[in-house]
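Next come two complexes built around chain A: one with chain B, the other with chain C.
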Partner chain A sequence: MSKEIIPAGQSISIVVLFISGSSLFMGTSSQSGNGSWIAQLLAILLAVPLVLIYARLHVLFPGKDLYDMLISVFGSVFGRMLSCLYIWYALHLGALVLCNFGEFSKTVALTSTPMLAPMLVIGLLCIWVVNAGIEVIGRSAKFLLLFSFIVIVFIQLLSVPKFEYHHMKPMLETGWGLVFADTAGSFTFPFAEIVIFLGAFGAMPAKGSARRVLIGGTLIAGLIIIMITLRNLLVLGPDILSSLYFPSYVAVSRINIGDFLTRIEGSAAIVFVTALFIKASLCLYVTSNGVSKVFKLKSYRSVVLQMGLIMVYLSDFIYADIMEMQSFAYHIYKVYALPFQVFIPVLLWLTAELLTRRKGGRQGSLQGQKQQPE
Partner chain B sequence: MRLLRRGMASLLSLLLLLNLSGCWNYTEVDDMAIVAGVAIDKNEADGKLLLTVELVDTNGGMDKTQAGFKMISLSGDTMFEIVRNIISITGKKLFWSHAKSIILSREVAREGLIKAIDWYSRDTETRSDVFIFVSGEKTAREVLNLNSTTETIMSFELAQMMRDEKFISTAPAVEIWDFIDKLETKGNNATAPMISIHEENNKQNERVTGTAIFKKDRMVGSLNGDESKSMLFVKNKIKGGVLDMDDKQGNPAYSLEIISNQTKVKPRIVDGRLQMQIHTVTKTGLDEVMTPQGFGEGESIQDIEQRAGERLQTDILAVIHKLQREYDADVFGFGEMVFEEQPKVWAKVKDHWLDTFADLDVTVSSKVIIQSSAKTSRAIRPGD
Partner chain C sequence: MVIYVIIIYVFVAVLDPYGLLKKRMKRDFLVCSALYLISFSLAFALAMHWEIPSPTPLIVDWVKRLY
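Let's turn to the complex of A and B:
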């Protein structure tokens, strides 16, 4: 089986779309009112060391993905158990993303279409693209990122006339407590979600710099998210912002250029769909890849369809309604996601470093030793 | 194998046929009742909400150059119930995306608006960029009903009027999201334009002038057109309009056309008391001189500028005092400014802000600059 490799430019595009995807239409958690952009900045600062750890894992295990690492470090039983947890996390995250999209289309765009229909359509597209391989995801991400970026910048410029700068004042009126709460929220959703990308590390060139990809991607995505947060804040103001499910959509709907360029929020929603498509696809890829690694399948492609359909179905019944979704995304998720995003990877990294040090004295590096049995 | 492929391909194309038939819930224009605007009243008989919708009549004949309209009224307990029940009259589902105006009766406004507008801002079929009005007449319905005399779709005409409001500045143009924004913001009270029926030679027309003042979601009073203009000066919302001026003897003599205006409001602490310092700079053009003496002889431009400034200053102070004393409603957003500029002071006063507002010190300094005198350099000078 020829190995799939995606070049750095495409990986960066995937990372950017993956991180900024949900925030493009969900907005970011905004309990701290007009301090939320500071929270985003802090979240990016927090995410950078974590991402460096992820990148370090790629140096320790070149050409391997998360599941290989877990199995080789924690042994075939415990490693597989942890892998199963990650399979669940990726599947669940993919379902959440689809669900966000479903709720979005049901609430604002296609109100009388059953939620399952748009989710199924996107789900089938994801199944198709994952079946075609991660290289296809990479190439589409590169193209879609360019497109999305142009749209985002364009909309940003169009909303400038609606900016009310006094919404920024006074600085930090809610105090640091809520800012830190927001930081925690934004750190887990969306920045540290990039842990999913570890599951696709196998497709990175063994000698390629994961650090460049992850740091670059995180920073670009962070920039986009801060831009969007600021736009929503300046257009809507902190009081209204907190009452909306999809602040970006409402902020864009306020754009009115000379009574001519109005109601463009429908077109802007295209960006949500492209970003979400990449995010859900990567989740599906990582889920299928995990299943194939845990059960020693020849190729992940044999489980893509099944996993994809499960993901769509899961997204359909996972929340009863949009209020539940909101409360999960902003209140529960930041606790739920921590083990996946921080504890297990850090544990993996520390153990791997330790093993490398110990083995390093005796016979070269861990990689040389570990690659032999495969 | 080839046969199987072909079979599969034809099956797939058959499946595609299903999608090609069109959208999921495709609706023809003549299956919808397009709403142009609504009037919300309180039904006198049973105290329930009475909703009147103005519908665009899509069944125009060949000889018609303008779309017609249809009026339907229905009462009920909640807005949404009424909206849905109207289908039983029209036989068509209402289509809200093109609605432009909401007119509320004074009674509804006095009893609290939230029950009338929450549905409108929450529902996804409606758009939050409609203009909101308070009727100065007994009911909101009769304003909307004027369309029978003016032969136009009233709601669209009102929306057009709000777009041109910037040339007169005697009423605020308020969209529903803006209204709710002001309702929710601390240290701010909402306003809405007043609409009334202007009667002349037995011909009735609608007229938008004046401002309804709200406290929370209840209307507490109103300002007339001139007071509204002064209020808009404080809110830095003046984009145009006319300042009329008297000559020294007190006869109307000059019109100044407002070209641009810049208002700065600064909350300051003076001698331990909160003080709002308002500075306005208005650039105008002298557009009308009604006396043959004119300017240049009787009065210099500087005199007119100075008196215009003083006049504006008194007008602004008068409207602020009126709002402080009579209505006790902070429609200027002074509270929000204090919060933004002096957060520490705000923390102390926010719980009883409206009381603080009522005896707030305000200073106003207005400067009027005459930039041009339009086409002529002097007044019309009669010969012999």
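Let's turn to the complex of A and C:
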């Protein structure tokens, strides 16, 4: 089977949809009221150096994914143990994304339908697309990003008459403390979640610029998230915004152009579905790829169906209710995700740099010894 | 519901793990079979409306201890 390669344009599309996926309908942490957009900006600034570390890993290990890197740096046993942690993280994140969609369907769209039904439909679609290969996810993402971007800009323009600029005042009413708390929340969810993409680095061209892909994708996704945060804030106000589970859906439902163009939130929800489809698919791909690397399988496709089904079932019982989901996403997740997003990748990067320099130094001294007899 | 789950999983068994065995991918078959058993157990438990312990309280407990 030939090696799968995703070009830079498609990789950027995956990164943008992956980062903005859940935030499009869940919104972001908004304890800081009308200062939440400042928190988003700070979170992007924090995410940039981290993303540069991820990109550096691609330079140090061209053509290798996260699991190959962990095994080659930390050895067969410890590397595999860390890989198992990442398999869990990717599976858990995929289940969380599907659960967000399930709760969204149950709360606002399909109130009488069991939550498992929409999650199973999306889950089966993800299994299908991952089985078809990462190239298919890349091509889908490129098309869906264009579509999503057009819809987001269109809705943004339609929302302008509903903007109430007094919601922005008084600026930083809640103080910097809550802004920093929101920054930490937005950094881990959604920006640093892109660590999952390291599991698909093997599909990027060995000489491709991971820096361009990751920085470009993070900045575009950050721009989209700030646009949406500002729209929700200006339309709903900070008090209503912090009390809603799906603020974007409610903000879009307020659009009314001459009593003719109204109730378009149902149509706008398609953007949420497309983004979470890409996010859940990438999580499933990374989970299956991890299992195939840890157990030395011939292909990750051997376990896609089973891992996808487990992901769907996990999403059904992972939270007791929507309040637990919200509390986990905004309060617990920022601590839980930190080792996966920051500590382990930074440790991996530092160890890899050290090993590379030592290797380079040894090669240099060997060359010096060879030259001496002459 | 349970009957449907069992029938669907019989088809899945023929398609997925048995398909790998026919392709002589023994290691893939073993891992896939183990995952198949987990997947089937979860589906069966959900169909029976049994309570499956969620990992969330455990994670929340760990995080609160760290705080």
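Criterion: the second predicted complex is superposed on the first by the 363 of 374 C-alpha atoms of A that agree within 3 Å, B and C clash if a C-alpha of one lies under 4 Å from a C-alpha of the other, contacts with A are read in each partner's own complex, and residues count from 1 in each chain.
One rule holds in what follows: a residue touches a chain if its C-beta (ideal position, glycine included) is under 8 Å from a C-beta of that chain, and two chains touch if they have at least 3 such contacts.
Keep in mind it's a predicted model, so treat the numbers as computed, not measured.
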(request) Record, for the superposition on chain A, whether partners chain B and chain C clash or fit. (result) fit
(message) Tell me the angle subtended at the Cα centre of chain A by the Cα centres of chain B and chain C, rounded to the nearest 10 °.
(response) 110
(message) After superposing on the shared chain, does chain C or chain B touch more chain A residues?
(response) C
(message) Between chain B and chain C, whom does A:Thr113 touch in the aligned arrangement: first, second, both, or neither?
(response) first
(message) Output check: A:Lys3 vs chain B and chain C. Expected answer is one of first, second, both, neither. What do you get?
(response) neither
(message) Going by the contact rule set out at the top, does A:Lys207 touch chain B (first), chain C (second), both, or neither?
(response) neither
(request) Minimum C-alpha distance between chain B and chain C after superposition, to be given in whole Å. (result) 10
(request) Determine where on chain A the residues touched by chain B overlap those touched by chain C, and list them. (result) none
(request) Note which residues of chain A are touching chain B in the complex, please. (result) 107-108, 110-113, 117, 166, 169-170, 173, 237, 239-240, 243, 250, 253-254, 256, 259
(request) Note which residues of chain A are touching chain C in the complex, please. (result) 92, 116, 291, 295-299, 302-303, 305-307, 309-310, 313-314, 316-320, 324, 328, 332, 335-336
(request) Enumerate the contact residues on chain B facing chain A in the complex. (result) 24-25, 124-125, 127-129, 163, 177, 180-181, 184-186, 336-337, 339-341, 343
(message) If we count contacts the way the header does, which residues on chain C are in touch with chain A in the complex?
(response) 12, 15-16, 20, 25, 27-29, 31-32, 35-36, 38-39, 42-43, 46, 52, 54-56, 59-60, 62-63, 66-67
